[in-house]
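Written below as structure tokens is the structure these notes are about.
Just so it is clear, A, B and C label the chains in written order, and each chain counts residues from 1 on its own.
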Amino acid sequence: MVSHFGIFLPGCSRLHRLHPLTKLTFTLAAVIIVFGGPGKWFSALVPGLIALAILASAGLARIGLRITLRILVPLALMLLFVHGLFSPVNQNFILQLAIFKVGREGVLYAVLVILRLTAALFSSLVLVLSTHPAHLVQALEEAGLSPRFAYLFGSPLLLIPQLSGRIQSIRAAQQARGLEIQGNLLRRVKALFPLVAPLAFSALVDVEERALALEVRGFSAPHTKTYLNALQDSSWQRLLRWGMLALAVGLLAKRFVWA
Amino acid sequence: MAAIEVQNFSYIYPGESEAALRNIHFEVEAGQLFAILGANGAGKSTLCLALAGLIPHLFHGEMNGNVTVLGMNTLKYGPSELAGKVGLVLQNPANQLSGMRYTVYEEVAFGLENLGVPSIQMPERIKKALSWVGLSELGDRSPYALSGGQQQRLALASVLALEPQVLILDEPTAMLDPKGSQEIFEIIHKLTQMGKTVIIAEHRLEWVACHADRMLVLKEGEAILQGKPAQVMTLPLLKEIGIGWLRYTEAAYLGKKRNLWLEDMPLPVTLEQAVVGFLRV
Amino acid sequence: MLIKVEEIYFHYPKGVQALRGVSLTIQQGERVALIGQNGSGKTTLARHLNGLLHPQRGIVWIGDWQTSQHTPSQMARRVAYAFQNPDEQLFRFRVWDEVAFGPQMLGFSSSQVQTAVEQSLELFGLKASAQLNPRDLGYSGRKRVTLACAFAMQTPIVVLDEPTAGLDAGEQARLAEAIHFIHQQERTVLVISHDMDFIAENMERVILLKDGQVVLDASTEVLFAQTRILEETAITAPQLVRLGLRLGHSRPALNAVQFLDNFERTRLNQRL
């Protein structure tokens, strides 16, 4: 599932061909509405459903759901547990488990948070699954962002595929020195530092070397950058971007100013 | 005017008390293949960084003296200005990938984009660079799906696309297997035939002995020897400072004592010279 | 401690068949080199020796232990393994502590740790750097630290993956001495390498792999005499072996002295 470029999945759908900034704006607008829009449940559900529909139109719904479930299911369970049992606003109790009582308010709150996170995740996936990091960076640079900053934006995605291979190597090397990584909790915790520290160090060494290689290829050159492939934009997309932002700001205002 | 002029160059890394390089002084003529030899820590990498302008522009320590490449003094001109004229290739192939490009083809374009080369010129320059390194067939491959040797060739292509006149290579084959190393050496040989000036820091003496026009020997930050391979690589000093001799040279040297090598015959630094020498005995 | 590999077959999860029926026996105290192109299976084979990988068919014995019945950390008691990339294992703040890690994990007493570490530091010229942070050493320094780590574990078997890569001639000489030192302690050394000159001078036996199979398993001298097989597997013979070939010597020379002996002998024969 993880390609050589983090989780970007190439494709030919309409969504893939949209300008990266359009997709970025959608994500930002959606997240703003999800967390700041009026009508808690409405604002949590609608953007999420729209995002899911968009993913489906590009054939990315299944992957999107899989990723979301993987990330959110453990979190969801934890939230339900914590809020259901221990929320201070619990008054009406709907369930009894041994000595614990599950409160309705807590559960509802947990469900709201889960819905919001899901919606936010779907909205982010609309951007991340359908956009090549280099194109996102190019879009940001064309919009005026400095290349250095734009690179920082795209570079975490660069690290992901290299990480898992490296983690494997580190595990192997440390085990070969007698480090016990299986067993009780204490042992596993003790094994963390020897496993994580080399990761950090080798990542640092790589970053330093890469910085040199980039410099030599003119990364900091003051020239205006040109691009091998032009990103396709259109006036209706520009209109759409402004429209989405306006909608988000408007809904935000409706919630806080007109409350 | 020489392609590269280094005059009384000294450099101390920030926070260090000992100089990494002291009073380095040498010239490289255009079109030469110039080798830098030295034990680990002698300062080869530092010198390579200085020739590319990364010292002093990226590394801010204390620099004295002058490094002039193609008439440009590195105190004034940094890697950004030198980018189309001087190329640098480092040891670790994977760390020279931009990490932001999906295909080999796009990876080579990265430098061209940075330098503002018009997009209509790009495809031709990319194709040329890929053909120089023998990666033309792999243009659509992901840079991360290449072997170490292929990635190093990609790093070379990315730099060659900018059409530099001077190429600096800091132990380019250190992390490669013999096949990968051979590929790199063949490309370098082609480049010198094309008239490019090449500086290479290397431990693999056999190839360097055959192909270098001149070499510089570093010991603990100082340039202690300069000359042609046949002169430099037969000095016993090289064994004392951790660089060592080729086995041919050692065999001939020991052979002298057993009358198995002619007294007046210079010690060999290549297989051919050794064969000829031993046949004469 | 005997190493016995019995007809092992191994393929990676993605399906690449890396080892196809490999068998070999290595006696205690041998100095063996594993050579072959990248992708020949030499690293895969080496990783079976300390239990990092288990064969799908066949058994790997280290002494009386079957590797499939032990975790890699247990196998570390018998087989020390130095990986190629030092930056994937360094994590302590002083060289001394880094080298002490392996012995500590194996349960050495503090005086045993002391002895093991000091001896190892001495072997690799790291005494002066003992109190430094390994990260402050250059690449070859960090590499020597990881080699010292493996040696300090005092295991009967030591596996080194490309130990000469990145080392200059002086450092390689030191490595050669270190290998000789533990050979005299009758510990087994297995080296994966592309450096044929180093192998010719320091290893007694060479195992050549191609496409997951053992193509040749012989003494160093016998192996480097097989010119045709070396050509087929794209292995470049050591400098003196190539020189000897050009001069018509009948036996390959593994070092300068042997070369000159061969040279004298050939000349004598020619005169007769």
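Going forward, a contact is a pair of C-beta atoms (placed from the backbone, for glycine too) under 8 Å apart; a residue touches a chain by one contact, two chains touch by 3 or more.
Please read these numbers as outputs of a predicted model, since none were measured by experiment.
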Counting only chain pairs that touch, give me the topology of the graph as line, ring, star, complete or other.
complete
Interface with most residue-pair contacts lies between A-B
Counting only C-alpha atoms to place each centre, which chain is farthest from subunit B?
A
Cα centroid separation, subunit B vs subunit C, in Å, comes to 29
Per the C-alpha centroid definition, the whole-Å distance linking subunit A and subunit B comes out as 42
Applying the document's contact rule, which stretches of subunit A touch subunit B when the two form their complex?
4-5, 10, 132-134, 137, 147, 151, 154-155, 158, 161-162, 206, 209-228, 230
Of all residues in subunit B, which touch subunit C in the complex?
38-41, 91, 147, 174-175, 177-179, 203, 206, 239, 241-244, 246-248, 250-251, 254-255, 258, 260, 271, 274-275, 278-279, 281
List of subunit A residues in touch with subunit C within their complex:
166, 169-170, 172-182, 193-194, 197-198, 201-202, 205
Spell out the part of subunit C that touches subunit A in their complex, as residue ranges.
47, 50, 52, 71-73, 75-77, 79-81, 83, 85, 87-91, 101-102, 105-106, 135, 149, 153
List of subunit C residues in touch with subunit B within their complex:
37-38, 138-141, 165-173, 194, 197, 234-236, 238-240, 242-243, 246-247, 256-257, 259-260, 263-264, 267
